[in-house]
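Structure, as structure tokens:
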Amino acid sequence: MWIYEANLLCDVEVTYPDPRLAQLLMAQYGGPNGAMAAAMQYLNQRFTMENKRVRQLLVDIGTEKLGHLEMIGVMIRKLLKGLSPKQARESGIAQHYVEHRNGLFYVNPSGNTWTADYLQHVGEPIADIMSNLALEARSRTIYENLITLTEDPCVQDTLRFLRERSLVHAARFQEALFILGEGT
Amino acid sequence: MWIYEANLLCDVEVTYPDPRLAQLLMAQYGGPNGAMAAAMQYLNQRFTMENKRVRQLLVDIGTEKLGHLEMIGVMIRKLLKGLSPKQARESGIAQHYVEHRNGLFYVNPSGNTWTADYLQHVGEPIADIMSNLALEARSRTIYENLITLTEDPCVQDTLRFLRERSLVHAARFQEALFILGEGT
Amino acid sequence: MWIYEANLLCDVEVTYPDPRLAQLLMAQYGGPNGAMAAAMQYLNQRFTMENKRVRQLLVDIGTEKLGHLEMIGVMIRKLLKGLSPKQARESGIAQHYVEHRNGLFYVNPSGNTWTADYLQHVGEPIADIMSNLALEARSRTIYENLITLTEDPCVQDTLRFLRERSLVHAARFQEALFILGEGT
Amino acid sequence: MWIYEANLLCDVEVTYPDPRLAQLLMAQYGGPNGAMAAAMQYLNQRFTMENKRVRQLLVDIGTEKLGHLEMIGVMIRKLLKGLSPKQARESGIAQHYVEHRNGLFYVNPSGNTWTADYLQHVGEPIADIMSNLALEARSRTIYENLITLTEDPCVQDTLRFLRERSLVHAARFQEALFILGEGT
Amino acid sequence: MWIYEANLLCDVEVTYPDPRLAQLLMAQYGGPNGAMAAAMQYLNQRFTMENKRVRQLLVDIGTEKLGHLEMIGVMIRKLLKGLSPKQARESGIAQHYVEHRNGLFYVNPSGNTWTADYLQHVGEPIADIMSNLALEARSRTIYENLITLTEDPCVQDTLRFLRERSLVHAARFQEALFILGEGT
Amino acid sequence: MWIYEANLLCDVEVTYPDPRLAQLLMAQYGGPNGAMAAAMQYLNQRFTMENKRVRQLLVDIGTEKLGHLEMIGVMIRKLLKGLSPKQARESGIAQHYVEHRNGLFYVNPSGNTWTADYLQHVGEPIADIMSNLALEARSRTIYENLITLTEDPCVQDTLRFLRERSLVHAARFQEALFILGEGT
């Protein structure tokens, strides 16, 4: 079970509202390699992970990714703050505004709704952990792309933090492969 | 942010493994009216809910639904315990087994993968809370169907517990409508 | 069975072609809370609605929503009238034009194709009618968003008409809840 | 606009309830080549069909397909009549029952939800009518398969009727190709 | 089995990079009527095509469409060449860039991921070949739209070549209908 | 471009028709970790792979996977040979038969249609190759599951052959990681 604490894993600031950037950040909210995908993948895999240490790891990282999902959600909301219909049209995100106003939804920047087809689980420990390592590598690429696509230093700081966490998670999944008895 | 505690919201027992029942229970794991749908819908809606008490409510119930998702996951796993390939074929769930062994995935009983197309969010408080009330009502119907579809008293107990929680959540969403100033 | 009459439920005018607005209106043509969703949901639910008056209501409103779908279709076509490839590129809807020219398709403004995953049906009368009430509330929010996103008075008139009809439908679904013996 | 008349295009009988057959008939209710697909495809294409006679044809056949959708819905309901949870488990359709009881949903026999990805529209008259001819041919194949998959003479009668109508529709789409100036 | 030869079916040039045009060309890469759809449809249908000449035809054209998919891929890559993050934002394709950089993915211009729901197969030879004829007609419409949406003469040349091949394929599918004993 | 050769990569035999096994094998035809997924993923990734040797590798393995897709297709067809409607009902695959007769379609054993949402591509070489390594590991798990789910020695032979090839491909992707300068 989970307990919610009313503070973010790490504070989130933005320099000024930027609806276009908000839309791009949805890659990490509702995209195939975003925080929701990671959280749901790890929390699902743990049910078939017999090794206790690795199962604990999946729960820990999955729970942290839920916290990242929240951070990204807050960041997007700040970037959409005070968005008027007129601004929505001018900034090119009226297509999102008409269905969700200045709110969030589990979509990628192109508007595709999130699907569990993005996720990997076959119930074989090595294959599943390798899938997680690959997901973390793809997720970091998205973070790096986002960093080059914005000039907002506050947003960049948060993205760098999240990218660093992904590196830590990758290292722990590498350890998990060793624990499972295969270092490849 | 969330903190994980290593115990279930409520203990879960099954009388004996029953792969077919496991498959039906996936309605509450990865189906359109299941616990994942409820959790993700409420946790997404809170970002646009300006009223603080209602926002808190969405986070509370969303977090509890994550705990229900975990309980259902554990229940399904116990129902699939020790499933051999031969049993998978004989019990008619080989189609699931071949891709996930005796593990879980975010699918409904027919095997459709979960999608955020199931979720509702328009960013208007009344419309969003009404959508939640309706979701709870549908979810209870699913719990009632499941109770009639099994004779396992342990599973029925858990399903009744979850159904009761849904009634409590519906009552709290009714309160939320009052708080938001409209009792309809 | 249905009989087609060669006139619209209510006449539809637009002041001048406006491809961007056409794209936004697709929310009510092929979006999750649009007229197609409402029509198909109500016409499907009636098969399991035992109460005759409520079943009749579902057919009536479902049929009217088909008429709204037609009105919205005509409105979109008028907004796309005479669209040249050059204009399509300049107005930012070339992505739609390349696959459908200045025609229609069951997509939301982001281009997601319509899916029955948007629809709710569990076969329990109260739960199904509550789902319809919530759908009408979401649909009205979309109409309100569209009204603020355009300055075309003709289009606004039609949108207001459709919004009013949604209020009427909501009132009738409220009655249906009373008929079904539960006023909640 | 459409007007509903409270009788079926053609009466529908079944000899006895048969849940498995009900599930197979969903191919014509919510499948890629079923009545919903045909109705929605034709009613969408007409908006871009400049030729008046062909446009009228699309509306006529589209409207008739809505009536077929209703007939198939009634037939499925009769086949599911009085289905108990126990019978649902024994007949192998508990996966449907748990989410929709003995009701209908827009799914194919495997449970895939209907999507507009099934539909064809490019806004070029010849291409669109050719797509309809092909759809009718596929639909007839489904009807023929269904006839061989049941021994219920009442259901077979209805299926033969619907198959005949598809032949008539195909003949009219052939005429439409001639009207449009190309007999290929 | 297939053997790859390290040259294109036909050389591909572009006059200058043009990210917006690249995005539109994705209609023929990952769209419902594009080369991937044609290739996969024909290669799947051949398994049930008993007539040897027609089966061979399906394999031949399916294989050629794989070659067209490659040509379109190369063309899109040349149009995206050297794309910087800044250019991605300014040209309006940052939504694609953030997830795939200046690479390709099986999506249509609106970003919908390719799905086999686009494909037709019922296992009845006439119905299947008619579906292919219709697909070729739709595909040609897309090529014609693309030709009007660009002024790049090199791209237009390639598009005309591919459109011509589609005409040849349609003629061969017409022959196939005769071979199968029905000239309709 | 590709050239088709009229023989399989490796001959395929089955001991006797077995429709249920045919359905399970669809995991490798149209499932998320099957041969189509592998072929399309590698052939798409190569466009952004700057390193020539690795690009060549992606084309080679992608092309071989197309050949595996064909082998699996032939194997499924042999398992479905001579299937009558009656046998389809009795063996529990009438849901597939009604829409595709004894033919093939790009679905997984539960009937979900193939989607490019299964595929991974971010355009960063290491992340993409790691995704391929993980895909091969998952694919081998599916092969192993299939081997335990059948007792047909001919089918098992083919599955073992394909599993061996997956090991070879994984080894080559490991090499690719070294070539790309990172052995992780």
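Worth pointing out:
The first chain written gets the first letter, and so on, giving A, B, C, D, E and F; residue counts start at 1 in each chain.
In the analysis below, a contact is a pair of C-beta atoms (placed from the backbone, for glycine too) under 8 Å apart; a residue touches a chain by one contact, two chains touch by 3 or more.
Bear in mind that the values here come from a model prediction, so they are computed numbers and not experimental data.
Any chain touching subunit B that also touches subunit F appears here: A, D.
Note that among the pairs E-F, B-C or B-F, B-C reproduces the D-E interface, with over half of its contact pairs the same by residue number. Taking the CA centroid of subunit B as reference, the farthest chain centroid is that of E. Residues touching across the subunit C-subunit E interface largely differ between the two copies, under half of the numbers being common to both.
For the pair subunit B and subunit C, the CA-based superposition corresponds to a rotation of 180 degrees in steps of 5. Put simply, the C-alpha centre of subunit D and that of subunit F have 33 angstrom between them.
With each centre defined as the average position of its C-alpha atoms, the distance from subunit A to subunit F rounds to 29 Å. The distance from the centre of subunit C to the centre of subunit D, with each centre set as the mean of the Cα atoms, comes to 22 Å. Note on chain placement: the centre of subunit B and the centre of subunit E lie 42 Å apart, centres being C-alpha means. Residue positions 32-33, 92, 99, 101, 107, 110-113, 115, 117, 122-124, 141-142 of subunit A are each in touch with at least two other chains.
Shown here, the protein chains touch in an arrangement that is not a line, ring, star or fully connected set.
In summary, the structure contains touching chain pairs A-B, A-C, A-E, A-F, B-C, B-D, B-F, C-D, C-E, D-E, D-F, E-F. By the touch rule above, subunit B contacts subunit A in their complex via residues 1-5, 7-9, 30, 36, 40, 43-45, 47-48, 59-60, 63, 66-67, 70, 73-74, 76-77, 99-107, 113-117, 119, 121-124. Subunit E makes touch with subunit A in their complex at residues 85, 88-89, 92, 94-99, 101, 107, 110-113. Subunit C contributes residues 32-33, 115, 117-118, 120, 122-124, 126-127, 130-131, 133-134, 137-138, 140-142, 144, 174, 184 to its touches with subunit B in the complex. Within the complex, the subunit D residues that touch subunit F are 20, 23-24, 27, 31-33, 92, 108-112, 141-142, 145-146, 148-149.
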